[in-house]
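Notes to accompany the following structure.
Letters are used for the chains, namely A, B, C and D, taken in the order the chains are written, and counting of residues starts over at 1 for each.
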Amino acid sequence: MIKVGIIGSTGYAGAELVRILLGHKHVEIKWFGSRSYIDEKYANVYGNMFHFVTDTCLDDNLEELAKQVDVIFTATPQGYLAGVLTEEILQNTKIIDLSADYRLKEVEVYEKWYNLKHKSPQFIAEAVYGLCEINREKIKQARLIANPGCYTTCSILTAYPLVKEGFIDVNTLIVDAKSGTSGAGRGAKLPNLFCEVNENIKAYGVTTHRHTPEIEEQLSYAAKEQITINFTPHLVPMNRGILATEYASLKKIKQTDGSMGYPTYEQIRAAYDKYYKNEYFIRVLDKGKCPETKWVEGSNFVDIGFQIDERTGRIIMMGAIDNLIKGAAGQAVQNMNLLFDLPEKEGLQLVPMFP
Amino acid sequence: MIKVGIIGSTGYAGAELVRILLGHKHVEIKWFGSRSYIDEKYANVYGNMFHFVTDTCLDDNLEELAKQVDVIFTATPQGYLAGVLTEEILQNTKIIDLSADYRLKEVEVYEKWYNLKHKSPQFIAEAVYGLCEINREKIKQARLIANPGCYTTCSILTAYPLVKEGFIDVNTLIVDAKSGTSGAGRGAKLPNLFCEVNENIKAYGVTTHRHTPEIEEQLSYAAKEQITINFTPHLVPMNRGILATEYASLKKIKQTDGSMGYPTYEQIRAAYDKYYKNEYFIRVLDKGKCPETKWVEGSNFVDIGFQIDERTGRIIMMGAIDNLIKGAAGQAVQNMNLLFDLPEKEGLQLVPMFP
Amino acid sequence: MIKVGIIGSTGYAGAELVRILLGHKHVEIKWFGSRSYIDEKYANVYGNMFHFVTDTCLDDNLEELAKQVDVIFTATPQGYLAGVLTEEILQNTKIIDLSADYRLKEVEVYEKWYNLKHKSPQFIAEAVYGLCEINREKIKQARLIANPGCYTTCSILTAYPLVKEGFIDVNTLIVDAKSGTSGAGRGAKLPNLFCEVNENIKAYGVTTHRHTPEIEEQLSYAAKEQITINFTPHLVPMNRGILATEYASLKKIKQTDGSMGYPTYEQIRAAYDKYYKNEYFIRVLDKGKCPETKWVEGSNFVDIGFQIDERTGRIIMMGAIDNLIKGAAGQAVQNMNLLFDLPEKEGLQLVPMFP
Amino acid sequence: MIKVGIIGSTGYAGAELVRILLGHKHVEIKWFGSRSYIDEKYANVYGNMFHFVTDTCLDDNLEELAKQVDVIFTATPQGYLAGVLTEEILQNTKIIDLSADYRLKEVEVYEKWYNLKHKSPQFIAEAVYGLCEINREKIKQARLIANPGCYTTCSILTAYPLVKEGFIDVNTLIVDAKSGTSGAGRGAKLPNLFCEVNENIKAYGVTTHRHTPEIEEQLSYAAKEQITINFTPHLVPMNRGILATEYASLKKIKQTDGSMGYPTYEQIRAAYDKYYKNEYFIRVLDKGKCPETKWVEGSNFVDIGFQIDERTGRIIMMGAIDNLIKGAAGQAVQNMNLLFDLPEKEGLQLVPMFP
């Protein structure tokens, strides 16, 4: 059994991690960390866990914890892990960090977008960006995994094959994303009250959302050039789910007859299949279908659809995930499976729940 | 592997059955019956099933199906099964009926409340009411299971120990129940449109809801007297969940000092524990806690809490279930496990999903 | 023009008061009081008020305010008004208090249920309980109005005629109430977060909710005897609306032929009509109809329906209001209209909004 | 009093028209047309109208109706009005058509996007596109008003000043729109059921939505060139509200120092003010604010905000409306006020309702 510690186990992502790990055959949770609920019974914080978890919440103590467990998940605010991580800790355990501390390779970019001083930039280089479908092999070797953000997972995977294949003009890429409210966390903040969110939709963080440089960095690797995009998140009155609607101008490519022309449906579909055909967690939908967040709720799937607009020469790509699963805890477990050479799907063969 | 056929697999309860059975180790679904979607791909009817189910929907043909499978689930409108059931079918297969056709022992009561002629009353006597926690042993021997209604499962289990122990005056029992909208089915009816249900709550079927005689019959067995109750369902703007709030006057019982007095918290708690301590699927909450439907969503649990009101001499009992699971598909699978001598929890160890 | 001051103008009830008063022909709001948002623009706190309110929030200073305005609405936490009210203030202005400070005539009852020391019990006697349909004449003469609670307004008006006429056994009365989340206020508390409320229903404050003694006191006046009831509130995932489902045993009454019998539909209907026929804000629905909160949303109406259950000898009464209007701000304005001899409907002829 | 007839009064837009007109000082509704509810009491179809409307629904008979009323609103399916309109009708009455029949000036475009043969193209030329803020003077002279679509109203007004001033490259315009479910109408269709919409978001009609050519046509007039855009609507789990998030590349303009440069915040703000400063129903938000649909719910307002992204050279414009009011019934009444030389705001001074 793999011994697991969770720091930040009482946030929504931490709780989802607990829920998923309870169904994982090879795992034992040893430490339910929570600064806010020290000494409280975990099942009092999350009533759904009654009879499943009898543990009490513990304070965080990464150094001590690292000696006791094989892997630590940190579902903590930005800056926490960077503030406490040491080489000794990494020699004792593996870490899967659900925060943004090690996602961006350039410390200046991190410090600018997060408005935080990075306390341990020395670990940035070795951290592996845990987008499993893209970085699988590197993840297997890592000590420190930077688990991707929810918006970024969805945004990147939806566009990745077309960026990689050079089918779209990457600098025309616009990501208009919509998220359920669990993405905002369990903090008691006025804008997240039921009456403020319900019957309402709004954009927020327009041009300034912190997932922007993360998407840009990863897609730049794929494009092999530095790209800049627009990313606009919206808050939707639902608990779970992210839908990313992405727009980009198609590039003319060489067709079989030698002429230059826009890629056809079949060519684009083939590009998706090239990268995703064997990816269990990515479902490229049939022609004409648009993904719905409800069809992936409760699962680790990414559903992807697309539509070509010949009138404008653009493609509209759409991706849907459950933000707490593929966008956070599920992908973290997928990373853990890779790290420990377990079947990648273990604990994650969740059928989406409808309605 | 147990071979399963589902008639009515494209309703919400049928679809939930599919979802649960996909995670069941000993089951293979052989027949996705659906009158409305004959020859359509099941995954086109339920997008969440994409990549899980590749089958096409078939018409219903109970006689033929009975020869091919070990058990048939009928998640069909009232009257369907009663109209087609034969002795030969029951000799070939077992049937778990999610409709009301065989729940009520008196055919007149059925015909009055359902306003339907019962076409095969000869099977009523042998049908076993599939409330697993109460009728476990009888279920194991049955050929025909009448799977309980959603409201009834919740209403009965919440009050059962106190009725059984004679702690409450059964004729004062009032059940005020609240249900999510999936209980109304997937039929395209105006009152179930999003804009009609959302931001709204209403009672319906007041004094006339068909689950009333079902609750009365089962609680009468427990009380060993004929009882009459008030049952009032309400439609709540949420997908899943039933909460039953039940009111009854406490009866004075003999106390240890010989005097007559109202049962204490401890005595009532002991009554619940007597019947439910070993029931995996029933969680009696800690003192002072009120169940919430969200804490059982996605699971087969019944959460129960209660509060004594000394001012009025009444007890308020509260029970919560996921209407599509313990109130329909989950309990049906629990019944199947009993019928086939499988571990009762197989396929049903679902951790409730929050949020 | 009547000069109005609002203390607590940035809570949901206070904001609704602002909204309603903006459409009132004879009113000018002079003071937007808010301890939490002093010096902030009101329209920054409530974006809907942009272009309507250009004022900035002020601290509360009841003494000073009393000299400047004709009437003060206090939409404040329990205990605030009792802590600052003086005879001088009441000589300078009228007060409509949306808190509970002066609703209960017995200070001990207040102190017990609210767990608060009452700081100015000397004003309790003169305060008039502002349930307009019942206390209209007394209200007109008052200096200090105790505006009723949301649950109580709905609960009392739904049962009042039958209590008054002696048609029901008042001690069998059970009120099972369901409320939208705006009733919980705009405080940033975890249980009111979107993800906690959405897709969920629960009872709370079972046997201990503070509106219980208020309902009991008012219905006791109507019954001319001291009564004790059960009141159970529930939190519903919607913004606005209260539905009260009320159960009581019918009493046999003398029929025209001299015999004793349960009141008929017509007799009960006549009782409702006797008290409500001329009440603009009470709509007794046609036979068989159940009220829905959506049908009163955005209005000052109380919709009432009922159903007799001959099997159990009980009547089920149902009432629906918009908790922020008839349950708070609307009734407060109705009280103001009475106080200032304005048409009672002024500013309140709001057609319910659907959907 | 202006005599009004409504054809299609039992759809959501028709019902909203009734609600608004009930508060309009100069109007009397003479005809509640509804093919689906002939001879039913209107208040039985819409419970909120109980005590407000005592009329019974009538069949549609445009010819007869035209003789009886001053203006007819047709809130009917596409093709209805085009199929029955005659010169004689237009000589007898004015018509405000909430359907799309006369919105597009080129009959081929209508027939292609709507997949319908236009039955009376002879009236297309004289029909005035009823976007009041843009076409005010023409509307005043019209007999036949084509009331704009909900998405189009929001999409056009949000971008109009920048298109008009040449600040954006119109062919880069992308409109990503999100709508509440009332926009889908009151038809009993499976995709609009509560359980299908709730907890879900999806795009639909991608590249093919019928409001696309309407937006293009109107913005082409403003741009004085033919433009082609991408328009993608999404279905959001809320009753009311449309949010349009619009992306476009800024064009360099001549700056005061003679150089070419991107327009500044102040220049863009000035462009909005130039067109909207005196428009009561358009609220351009303060710098940095993003519109929320909840802030306009229940009102005829359009709230507009924008954000410049210097990194990409794009502007993100956001507009919010209540789809049933400014997007349908409210704008129709605004058009009626213009047609009859009434104050444009009459009946429409609705303060948005929150929460």
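We adopt the following convention: a residue touches a chain if its C-beta (ideal position, glycine included) is under 8 Å from a C-beta of that chain, and two chains touch if they have at least 3 such contacts.
Here the structure is a predicted model, which is why all the values come from computation and not from measurement.
When the contact pairs of A-B are set against those of B-C, A-C or C-D, over half line up by residue number only for C-D. Of all chains, the one whose CA centroid is most distant from that of subunit D is B.
Looking at which of B-D and C-D shares more C-beta pairs in contact, the answer is the pair C-D. Rounded to whole angstrom, the centroid-to-centroid distance between subunit C and subunit D, based on C-alpha atoms, equals 37 Å.
Averaging C-alpha coordinates per chain places the centre of subunit B 47 Å away from that of subunit D. Shared interface positions of subunit A, i.e. residues touching 2 or more other chains, are given as 12, 182, 195-196, 198-199, 237-240, 292, 294, 297, 355. Interface of subunit C with subunit B (complex): residues 171, 174, 176, 178, 180, 195-196, 198-204, 206-207, 228-230, 232, 234, 236-241, 243, 245, 247, 290-294, 297, 307-309, 311-312, 314, 316, 318, 320, 355.
Residue ranges of subunit A in contact with subunit B, taken from their complex: 12, 15, 19, 22-23, 46-52, 182, 199, 239-240, 283, 285, 289, 292, 294-299, 303, 349, 351-355. Interface residues of subunit B, counted against subunit D in their complex, comprise 12, 181-182, 186, 188-190, 192-199, 237-239.
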